[in-house]
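Next, two complexes with chain A in common: one pairs it with chain B, the other with chain C.
Entry: the complex of A and B
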């Protein structure tokens, strides 16, 4: 197969930090190359350089063997390079169809917006990929998973030669991933070269023909996917192999009121009759398919979508939770599903993001913030979660995706909640950091916090959860207790 | 975790940069405005050596800054939460009218000068707070866009002022107010001191308090702020109350300085105040605190106004200049990345060429 794209000697530094050092990669037409690497290893930076969003300090790109130097964004689109960015970069106030047609319009350099034209471009792509998307809905109103599909459609609205997908599956459950992999197969057959980034090992092996591993901004290994096993892949990108074993935190010995009890709670059209409890020191998993109501249940308990019926008790006391403020006052913390819009404020500093939910704790008399305490709190979170930054005063946008996720976690850890609800806590986090985060959750639980963890990641559920609850169509649908929790049994229930 | 190398490397880089350079980098726009002010002052002094740099003119500039500077500050504060306050001039006028009216009524009713002054000022500031409260509640509770809300309240407040005064100017203030408006302390107008105090207080409020940080976050991302437990209504209401209060102080300054008030006063101030706020670094899309910047930008624009005035340039030209500045600031603020990228690309190309020619030269050797 001919080489579609080669990047040679790419080097990039930010301030004093070397993000990439003389990186060479190549990808052939009709193959899927996986770019693997830990958080902050430079994957997104490399992609941004190839697509012209960032400019390299050194190195150049070759397309079909021709040196194209360091292309600008428009150059790279003209060359047939398309990217699905990690942050998706969609326009929330435009419709699905308009978003999908956007790149086609930019390429045609057309200034006029014709609704019909946009719709037909979009309909063609959506049909080709066999997806179900409501074209006239505004992007801000659709689910994160659908947004990811929209981003994919947008990239494919044009003739692509080389398609980069930077973590396209973070918000997708296995069903959508399945349809994505069919799309990928078809593109391969059409001769498109695909570069794919993901922290989900299973998926990497399912999709890719070749793997290139980046560590600290340099290529450490490259070869056919068959030359790797899941363990050797993780070991080569981290330098060690973290444990994924089932390891439960110790439950408290004395009898304490449950951290969280919900009794017959419901909210119109979303879910009803939901009851369960999370003991102090217990980690409870909550899983179900997309649209099963699991996220809505979490958001209701936290106060974003207040419940219509039923009762919520925190540490034994009934709490009427009608707003996020009341949720926080009751002692609940919530790590939301969509990091980029709900979790972090990208342009604000890492420090302010970390204290955003504990402003009361770091402010003294007259509402004045105690700068010493703020610095201590944020330093504490940076160290505890191992956030990779040289200065907490930098904006969160300077962090890699996985490190942004740690900022969201850190923000809620700092509030020292009695109940911590996590919606996809390790989405986009590498295997090493995932193990670290799970360890932190175990420690947090041992200090008496009740943890409710919503996740699709079966190994992760098995690794930390004392119990796993299932949701289906807005109702509780059984549970697995202690020894019953195993990957097979969880999958079996989800497939049902 | 095994990721400390990057941290150490960059720390040494920071040490290598001298502290002043870091300070300049962090406060780039502030230094830019300061130097702009200096350059303008020198340029106009060179053009009008006998009149511009005189004590009299400097003092008159200093007298003219606070009013519009405070209005710009009110707009800048609203912009922090991605809002805007178009009613600032109207609120200032309403306050000024109340103060002028009460100055007369209070004294007529036999109150002492001081008592009448205190009541007039307190009442004036209260009007500002109430106007701001109205703006804030309509925006937060009824969810009307800030630009529409304050456009409407601007009309309402002006209408009320016209109705009260029957369209005529109200004259006269109490003695303490007129000496507050006319006198100087240590060579600087008292009203300018007041401006300085308000700027420092608002800066403290916006950067050092829970409210300030909450509102900056709310402006940068409403969803993320709400998911962090920051209450939208609380932040929005407080912000417009603050903007109303600052506008009322502007009204206090203007009535003290001119000893008169009318519903139509300073109608050209609104554009000027918006220009100042944006030049000062406020981001209309929210998330940025630009208090000191607004103060410096007010100085810059009044230096320009005075300079052009001295050169006999008509006010129309001055308005065109204001408009150009506004457009210029937007271009610089929003296209900066593109421009700097284009420059660096060109520079790299040039470098590549020189290194090529160097290589060729070496070959020739």
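Entry: the complex of A and C
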């Protein structure tokens, strides 16, 4: 197979941080090359350099063996390079159809545009991928998963020669991932070169023909996917192999009121008759397919979508939670699903994001913020969560995707809530950090916090949860207790 | 009891559906209702005021505001803010008259063209600071506004010009029709034409869609290959041309030229555009909404005049109207965030 794209000697530094050091990668027409690496290893930076969004300090790109230097964004689009960016890069104020058609319009250099033409471009891609998207809805009103699908559609709306997919599946479930992998097969058959980034090991092996491993901004290994096993892959990108074993935190011995009890709660059209409890110090998993209502239940408990019926008790006391403010005051912390838009303020510093939810703890006399306290609190969180940064005063946007997620986690940990609700706490996080985060959750639980963890990730549920609850179409659908929790039994219930 | 609540929920749903269908892209319908409500209040408090003359007055005072608002709309949709347009407008209008008087020439059409070209030249200052030096748009326009006013007063003139060249004055006196005692000047026609043109441009040209894209997410716009600086330059040049034209319209309608006028109207214009649905965060807004916004502001001001309220109160009242309008917008867009139905049939199992 001919080489479609080569990047040679790519080097990039941000201030003092070396993000990439003389990186060489290549990808052939008709193959899927997986770019693997821990959070902050430079995957997204490399992709942005190839697509012209960032400029490299050194190195060049070759397309079909021809040196194209360091292309600008328009050059790279004209060369047939398309990217599904990690942050999706959509236009929230425009419709799904217009978002999908935008790159095609730009590339065609059209002067006058027609709504109908945009719709038919979009409809064609959506149909080709076998998806269901409401084309006339604005992107700001659709779910995170749908946004990710829109980003995928946009990249495929054009004739593409080299396709980069930077964690395209973080918000998707097996159903959409399955249709994505069928499209990938088809693109391969059409001779498209594909570069794929994902932290989900299963997916990497399902999709890719070849794997290139980045560690700290340098290529450490590259070879056919068959030369790797899940364990050797993780070991080569981290340098060690973290444990995924089931390891439960100790439950408190004395009798404490449950951290969270919900009794027959319901909300119009979304869910009803939902009852369960999370003991102090307990980690409870809540799972179900996308669209089962699991996220909505969590959002209701926190006050984003207040309940219509039923009762919520926190640490033994009934709490009427009608707003997020009341949720926070009741002692609930919530790490949302869509962290990049709901969880952090990208332009603000890591430090101020980390303490944003716990301002009362770092304010001194008279309610003025104590800068020493602030610095100490955020420094502590940076260390505890292993956030990779050389300066906590930098904006969150300077962090890699996975590290941005840790900031949101840290923000809520700092409030020391009675109940911590996490929606997909390790989505987009590498295997090493995942182990670290799960360990932090265990520690947090041992200090008496009740944790409700919403997750699709079966190994993760098995690894930390005392109990796993299932949701199906807005109603509770059974549970697995202590020893019953195992990968097989969770999958069996989800597949029903 | 149960049947009752169920029926009322059904009714509520239907109202929502109807509202969803007619509320318009930027909640224009809510604005229209607000305008009607205000008219209703006037009908009760001062019924004698609601005459065709009143309508004519509203149109007359709205026309310059609308011409100015069209340019500002482009800037606000792209995520920026501009306060220099009144300065550009009065500079272009006043300087054109000064030039005509200096050379002793007269004309009807070309002075409007000249004023627009001056507007483009002055708008290029904004373009330079914003696109080339990447300055914050509001700050850049605060700066250019001061420069433009300074140059106007220091080099062009600071005297009141009480009579316009004959042909221009004739335009100021010619009307297409009368509404009650209020003549509707012929200049509404070009302004309405411009409104249609800008509306078409925003909806149907790649340039217009790029403005929305940049306002929605600038970095995303760059990543799909939109040349952000070039779009910004064009926005500020067009906004300059519109302001220059508006300045001339103002001068001709008032039938004199004073370098001290228009300055201070930026608040009304910004209010009209923002009430019309163009939130300052960018990416939203329409000509239709802006027209309603202009009508609303103009209605409020004329009503206050009719009610004999002292002009000191006008600013305050406009401020309140802006707050109400913006609150409606914010409320409406937060309600929009929908959740899709998950439970199949609540009733069946209840």
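Remarks
We adopt the following convention: the second predicted complex is superposed on the first by the 490 of 496 C-alpha atoms of A that agree within 3 Å, B and C clash if a C-alpha of one lies under 4 Å from a C-alpha of the other, contacts with A are read in each partner's own complex, and residues count from 1 in each chain.
Here is the rule we go by: a residue touches a chain if its C-beta (ideal position, glycine included) is under 8 Å from a C-beta of that chain, and two chains touch if they have at least 3 such contacts.
Worth saying up front: this structure is predicted, and the values here are computed from it rather than measured.
After superposition on chain A, the partners chain B and chain C are seen to clash. In the superposition on chain A, contact of A:334 is made with chain B only, not with chain C. Of the two partner chains placed by superposition, only chain C is touched by A:90; chain B is not. Applying the stated contact rule after C-alpha superposition, one finds that A:391 touches chain B and leaves chain C untouched.
Of the two partner chains placed by superposition, only chain B is touched by A:345; chain C is not. Applying the stated contact rule after C-alpha superposition, one finds that A:116 touches neither chain B nor chain C. In the superposition on chain A, contact is made by A:102 with chain C only, not with chain B.
Of the two partner chains placed by superposition, only chain C is touched by A:305; chain B is not.
Of the two partner chains placed around the shared chain by superposition, neither chain B nor chain C is touched by A:132. The superposed model built on chain A shows that, among 9-17, 27-35 or 135-143, the segment of chain C colliding with chain B is 135-143.
Listed in rising order, the residues of chain B touching chain A in the complex are 1-3, 5-7, 9-14, 208-211, 213-214, 216-217, 220-221, 223-231, 287, 341, 344-345, 348.
Considering their complex, residues 15-18, 40, 55, 70, 72, 216, 239, 304, 323-325, 327-328, 334, 336, 341-348, 352, 355-357, 359-360, 363, 366-369, 371, 386, 388-391, 411, 432-433, 436 of chain A touch chain B.
The touching residues of chain A, counted against chain C in their complex, run 51, 53, 73-74, 77, 83, 85, 89-94, 98, 102-103, 105-107, 109-114, 140-141, 143, 154, 268-272, 291-293, 296, 305, 473-475. Taken together, the chain C residues at the contact with chain A in this complex read 204-207, 209, 212-213, 215-217, 219-227, 283-284, 336-344, 346, 349-350.
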